[in-house]
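You will see two complexes here that share chain A, one where it goes with chain B and one where it goes with chain C.
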Partner chain A sequence: MKFTKTLLATTALTVAAGAALAQDMTIVSWGGAYSKSQLKAYHEPYSAKTGVNIINDDSSAEAVAKLRAMNEAGNITWDVVDVVASDAIRLCDEGLALEIDPATQLAPAPDGTSAADDFGDLLVSSCFIPQIVYSTTFGYRTDLVGDTPPSDVCAVFDLETYPGKRSLEKRPINNMEWALLCDGVAKSDVYDVLATDEGQNQALAKLDTIKDSVVWWSAGADTPQLLADGEVIMGSTYNGRLFSVIEEQKQPVAMLWDAQVFDLDGWIIPAGLSEERKQRALDYIYFATDTQRLADQAKYISYGPARASSAPLVGKHADLGIEMAPHMPTDPNNAKNTFLYNYEFWADYRDDIDAKFQAWLAQ
Partner chain B sequence: MTDSSAHQPMIAADGLPLKKSLARSLRREKTRALLLIAPLLVFVLLTFIFPIGSMLFRSVENEIVSNILPRTVVELENWDATSGELPDEAVFAAFVADFVVAVEEKNHTRLGSRLNYESSGMSSLFRKSGRKVAKWNPETDGPFKEKLIKTDKGWGDPETWAIIKTHSGKYTNGYFLNAVDMQRTQNGIEAQPESKQILIKLFLRTVKMSLIITASCILLGYPVAWILANLPSRSANLLMILVLLPFWTSLLVRTSAWKVMLQNQGVINDTLVWLGLVSNDARLEIINNQFGTIVAMTHILLPFMILPMYSVMQTIPPTYLRAAKSLGATNWIAFWRVYFPQSIPGIGAGSILVFILAIGYYITPEIVGGTEGVFISNRIAYHISSSLNWGLAAALGAILLVVVLVLYWAYDKIVGIDNVKLG
Partner chain C sequence: MSLVTPISRKPLSFVIPTVGGLGALIGLFIGTSFGSGLVGVVGGAVALMLLALIYITVLRNEKMARWINRLGMAALGFLYGGASGLVLGLFAGQITIWFIYWLYEGRYRQSLLPYLTSGQVLWHYTFRVICGAIFIFLITPILVVMPLSFNAQDFFTFTPEMLRLDPDGYSLKHYMDFLGLREDSNGEWLRSFSNSLLIAPIATILSVTLGTLAAIGLSQSHVPAKRAIMAILISPMIVPLIISATGMFFFYSSMGNWMEDTLGLNKNFVGYVKVVLAHAVLGIPFVIITVTATLVGFDRSLTRAAANMGADPVTTFFRVQMPLILPGVISGGLFAFITSFDEVVVVMFIGSASQKTLPWQMFLGLREQISPTILAVATILVALSIALLVTLEMLRRRSERLRGMSPS
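Right after this comes the complex of A and B.
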C-alpha cells in the first residue's frame, strides 16, 4: 500500500513538474544592457500578465549556427530568438524560422493601423518581426580632433586633418559602403558599384589608404573601450554603445551621425516547435511587439522603436532622466544623412566579398 | 611404458587439456578487460568519434542539389555546359516541376544559399523566383523557358545552369578544393582568383606561428622547470602555485589583460615613454599583429610546457650531475652532455601538447591578433557561425587534422614517440 502511494505521489510530482516546465519559455538575446532593456520592457510585464516563466539565454551571436544544429538534431530548445535582420533572412532562407503573418499574428497600432503598415518597409523578411532600428556610426574623441571636429564620414579617410588610429569592424559590411561614398560614388549607386569586381577593388583601394591606421574590431564593446583608452581618435560601433560611453560613462566622446547605416534587430520564432510552444511564442510576440512595449524599451536603451506609432510615445531614460528622442538614430537631427543597409545585396555577396576582404586584410 | 604418458596432453585440474584451459582463461581475462573499458569506449565513440566523424563527413557530402532538384539533375546530364548555350525546354520544364515542389516544402532558399557559396547572386535568384514560380502549374503552364527567364534574367545565363550541373553530384570535392584556394568549375579545377586566395596563406601562417610559440615556450619554460625541479620542495611548491595560477584564470581574462599591457596607451608603452626609452609619438606597435598573438599565446600555453618538463626533470637524479662534475666536466658540459639528454622526453611531451593546442587556437588570435595574427581556426569559426558554409568549415578542419597527424608522424620518425614522457 505504502509503496503504491509513494509511486503515485512520485508520478503526480513528475506530471506537475512537467506542467511547470511547460510554462517555461526560453528567449534568446544579446545579453548586457540590451537584454536588460528587454527584461524591463517585455519580459517582466509579460510574466506578470500570463505567469509564464521566461528564461534568458545570451546566445544571439551564435544563433544561426545553433538553430541549424538544433534543427538537425530535431530538438529545438529555444522559443523566441532575437537576431539582426540579415541573420533572420538567412534563417528564413534555410527554413529554420517560422513565417509570420503580420495581419493576424501581430498587434495593430492603437489607432487601428495594421501592423504591416505600422512596421512598413522594416518587415524585410517574412520570418522577421522588427523591434528596434539601430545604426552603426562613428564616435570621436572630442579632445583629440583639434578645433574642427569632424562632421562628415569622410573624416575617417582624412589622415591629414585627423591623424591617429581609427577603429573599423573586421568585416566588409558598412566599411565597403563608406569607402565608396568617400571615393565619390553617389549614394544611390553604391550597391550597383559594389556588385562588380572593379567596384570591390575600388572600395578596397580606398580602404588601403588608411589600412595602416586602422584597429579592426570584432566585438561591439571594442570601439567604446578603444575610445575610452585613447587608443583611437574615432571608430565605428553601434549607436547604443556610444550613447552609454557618452551619457553614462561621461567620456569625452561625441557622435558623428553622418552616413550612419541603419540596421534592424528583431524576433524570429524557430521552425519546428510543438504546437503548444508555438502558440505561446506567438502570444509573446504579439504582446512584446505592440506599440506601447516597443516605446517602453527606448526608456532603457537608445535604439529607435521599429513601429511608426511608437515614436511619439518615447519618453525619458529610466535612470538618467534625460529625453531619449534626441539620442535616437531616427531623430531628424541625427538622420540628416543616412544609409540603408541592403539586405538582399549582402545575403548574396557576403561570402564572396568577405573572402576578398580577408585576403586584402592579410596582405 | 614411459612413452605412452609423453603423448598424453597435460590435463588441468578440471580435466580439460591444459592448453585449452589456459586459452579459455586468457580469453576470459581479455573479455573482462574489454568490459571494464567498455563504458569509456562507448563514451568516446558517442561523444567524440561519432560527432567529429559526422562533421568531417560534411566536407564531401552534397546531396542537397540532387535531393531538391532530382528531375533537373537528370535532364542536365544531356546538356553540354561548355557549349555556351542555354539548356533546352526539357531542362526548364524539369526545373519548374522540381522548383514548385521545393517552394511548397520551403527548401528552395536553402538550395539557393548552398549554390551561393559557389557563385554570388544565386541566393537572391532562388529567393526571388520562389515567390513567382510558386503559383505555376508544371503540367499545364508550359513552355517554361521564356517564362522563367522573364521572372529573372539570371535564368537566361548559361553560367547559372553550369553551376547547378557542376555541383549536382551526391558527393563533392568542391569544399576541399575551396579549402586550398581552388575551385570547381564546368571547365574542371581552377585556382581561385588571386584576390580571394587566403586559406593556404592562413594554414602556413598557423603552422609557422605555432612553431614559434612552441619554441618560445621551450626557451622560457625550461629554466623555470629546472628551478622547480631543483629547489627544496617547500619553495618549489610555492613556485608551482605561481605557474598554475594563470592556468586557473579564465582564458578571456588573461587575453584581455595582455590587451591592457600591450596596447599603444598600455602599461608597457607608458612605462617605456616614462623611462624615456621611447618617444611619445613613436610608441611601439606590439598588439594587433603577430607579435601580440605570439606573446599572449606563449603566456597562455606556458604551463603546458612547464608541467611535463618539470615532472621529467624531477626523475633525473641530481647525483648524475655531481658525478659528471667530479669527473672533471665543466658546468656547461655536465648540463649539455648529461642533464639535457635526459630531459628531452619532457621537452617532447610539452612541445607536442603546446603545438597541437596552438594550431587550433582561436579566441586569443581573434582578440589580440589584429589582421596579421589570426589563424586558420578564425576562418573555420567564421564559416561555422556566420557564413554557415559548414562543408568548407569541415574541409578546413579535416585538413588541419591531417596536418597535425602528419607532423605527429614526422615527430615520431625524428624524435621517436617512445621518447615522450609525462613523468
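Right after this comes the complex of A and C.
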C-alpha cells in the first residue's frame, strides 16, 4: 500500500514537473569544440534572454538518417539541426526541412541590408541558414618536413621532397580535385575534366602514386591525432581542428592554406514540428544568425562567419587573446588560392565517383 | 612438493642456437622500434649467442655473469631510453641470463618427470608459452589505456616526457575533466554517468524479476513448448543488436507518442521509460540462462516438503527456493547490469539527448575529438568491471560450496 502511494506521488510529481519544463528545445550539432563555440555564442545568451532550456545533442553526423527515421516514426525530437550544406540540400529536397524566407524570417544587417543580400551566394538552399564558412585544408609537421616547408598543395603528391605518410579523407570529394590540380589541370577546368571517365581515371592514377603512403581518415579528429603522434607528416582536415592543434595544444604543426576547399555549415529546422515548437525554433534562428552573434562565434573557433556584415566585427579569441581574423579561412592572406565545394557537380556525380573511388581503394 | 629430477649440463650446440632464438625475438622488438626489424633479429641473435658463449666458456662463474648481464643491459637501456630504458634493460638482462643458465645447466628438466622424452619436454614449455601469449594478447590493449589516461597532453600519445617517466608528462586533468572540475569541462561526462547509473539499476531490477520468473516457469515440467518459449526469450541475445535496435526504435516511438499524447506524460520521463524497457529486454536472456543453470541443481523435494508443511507457493518461493538460487539470480543481474551499462547502439536509436548514457558520450568523444578523458573513464570502468567480476566469482564459489553441502 505504502509503496503504491509513493509510486503515485512520484508519478504525479514527474508529470507536474513536465509542465514546468515545457520550454525545452533540443539543438543538434557536431560536438566538441564546435558545439562549445555555439553554446557560448548562441545558446547561453538565448537562454538568458528567453528562459528556454537548450539541450545539446551531438548527432549531426547522422542527421540525415535520423531525421528520415524520425519522420517515418512520426516522432520528431529535434528542434534545430546543424548540418553541412550538402546535407541541407538533400533534406530540403526530401521535404524533411522547413523552407525559410530570408526576407521575413532572418534578421537584417545592422545597416539595414537585407539578410538575403548579407548572406549572398551562401544561401545554397531554401531551407538552409548558413552559419559559418569552414575549409578543408592541410596541416604539416614543421619538424618533419625538412628545411623547405611546403607552400603548395602539390607537396602532398611529392614523395621525393617530403617522404613520409600523409592523411587524406576516405572519400573522393576534395582528393580528386587536388589530384587533378597537381597533375597539371588548370583550376578552371577541374570539374569539366572530372566529369569525364578519363578525367576520373587521371585523378585516381595521380592518387595511385601516393597510395602506399596514405593514411585514410573518416572523423575530423583523426588527422590532429596523427599529426600530434608524428605518424603522418601532413594531412587534411577542417581548418578549425588545425587551429586547435597549433594554437591551443601547441603542437609543432603549421597550416598549408593552398587550394583549401570552402564548405558551409548552418541550420535547418525539421519539417513537421508542432506550431509552438516551430515558432520557438524560428525565434532561435532569428536570434542566433544575426550579425553580432555570428561574429561572436569566431571568438571561440576559427571558422569564418557566413554574413558579410559580421567579418569586421570578428575580434580576439576568448581564452587565448589572439586576433582571430588571420586564422579565418576567408582571410585574404589565407584565401589566395581556394575552391568552393561544388554542390551541383557532386550532387550529380557523387554516387558514380564514390563507387569508383571505393573500388580503387580496395585494389 | 616439487619433483626433483637429476639434471646435467647440456652441450653448447644445443644451448647457443636456442639462446640465439630468444635474442632474435628481443631484437625484433628493439629493431622494429628503431626502424628495422631484420637488423634487430640478426643483431639480437648474434649478440646474445656471443654473450652466452663468453659467459659459459670464458667467465665460468654464474653469479658474476648474472650481475654483469643485468647491470650491462640496464646501462645500455639507460643510455638509449632514460629511466624507462633502465627498467626495460634490467628486465631484459634478468630474462636473458636466467634463460642462458636455465638451458645450459639443464634446469628446465628439474621439475618434470624423469622419463619424459625431449619432444614431451618441448611441448610442455611450448604449451605454457602459447598460454602466456594468449594472456598477453588479451590483456595488453586494456593495460595500454591506463598509463595513457594520465597523459598531460590532449592526444592518445605516449609523449617523450611520459617515456622518460618525467612527472611533468603525467597529470590527472582528464580525470578532473570527467568529474567536471576543470574550467573548460561542461559536465556532460558526469551527466551521462549519472544517466547510466539511473538507467542500469532500474533495467537490472526489471530484467532480474522477469527473467527469474521466466526461468522458474520454464523449469516446471508441465509447461508446453518450453524450447520455443526459451528461444524467443533469449533471442535479444542472438539477434544482431543493430536489428533489435531498429525494430525497437519504431516500436518505442509509437509507444512514446501514445504515452505523451494520450497519457500526457512528460517527454523526458517517457524517454527514460523507453530506454529502461529496452535495456531490460536485452538483460533478460542473461538472467534466464544463469537462473536456469542454477535451477538444475535445485532439489524439487524441498518445495514439496514446504507445501506439505502448509506453505503457499509464494512463501515457498521467497523462503525456500529464492535463498538457494540467489547466487544465480545475482550473477544474472550483474550481467544484465553490465549489458545496460555498456550498451551504446540501442540507446542511440531510442534515447534522445537527455538520456545520453556514458557509452554514448564515449562514442561521441571518440568520434569528434579523441580526448583522453575517454581513457580516464575507461580506466575507471575497468576498475569497476574487475570489482563486479570478483563479486561474481565469489558468488559462484559460494554457490558451489552450498551445492556441495545440499542433500541431493
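Here is the rule we use: the second predicted complex is superposed on the first by the 342 of 363 C-alpha atoms of A that agree within 3 Å, B and C clash if a C-alpha of one lies under 4 Å from a C-alpha of the other, contacts with A are read in each partner's own complex, and residues count from 1 in each chain.
The rule we apply is simple: contacts are C-beta pairs under 8 Å (C-beta built on N, C-alpha and C of every residue); 3 or more make two chains touch, one makes a residue touch a chain.
Given the structure is predicted, the values throughout are model-derived calculations rather than measurements.
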{"item": "Clash-or-fit label for the pair chain B, chain C on chain A", "value": "clash"}
{"item": "First, second, both or neither for A:Asp24, with chain B first and chain C second", "value": "second"}
{"item": "Contacts of A:Asp229 with chain B and chain C, given as first, second, both or neither", "value": "both"}
{"item": "Touching partner for A:Asp93 - first (chain B), second (chain C), both, neither", "value": "first"}
{"item": "Contacts of A:Asp348 with chain B and chain C, given as first, second, both or neither", "value": "first"}
{"item": "Partner chain(s) touched by A:Ala73 [first = chain B, second = chain C, both, neither]", "value": "second"}
{"item": "Partner chain(s) touched by A:Val52 [first = chain B, second = chain C, both, neither]", "value": "neither"}
{"item": "Partner chain in contact with A:Ala33 - chain B first, chain C second, else both or neither", "value": "second"}
{"item": "Shared chain A contacts, counted only where both chain B and chain C touch the same residue", "value": "61, 229"}
{"item": "Complex interface listing, chain A residues touching chain C", "value": "14-15, 17-19, 21, 24, 26, 28, 30-33, 36, 39, 55-59, 61, 69-70, 72-75, 77, 219-222, 224-225, 228-229, 249"}
{"item": "Residues of chain A defined as touching chain B within the complex", "value": "61-62, 64-65, 68, 90, 92-95, 165, 170, 197, 201, 215-216, 218, 229-231, 344, 347-356, 358-362"}
{"item": "Residues of chain B that touch chain A when the two form their complex", "value": "106-107, 109-110, 112-113, 116-117, 120-124, 127, 195-198, 201-202, 263-265, 288, 366, 370-372, 379, 382, 384-390"}
{"item": "Chain C to chain A touching residues, read off their complex", "value": "153-157, 184, 186, 188, 249-250, 253-254, 256-257, 264-269, 352-354, 356, 364-370"}
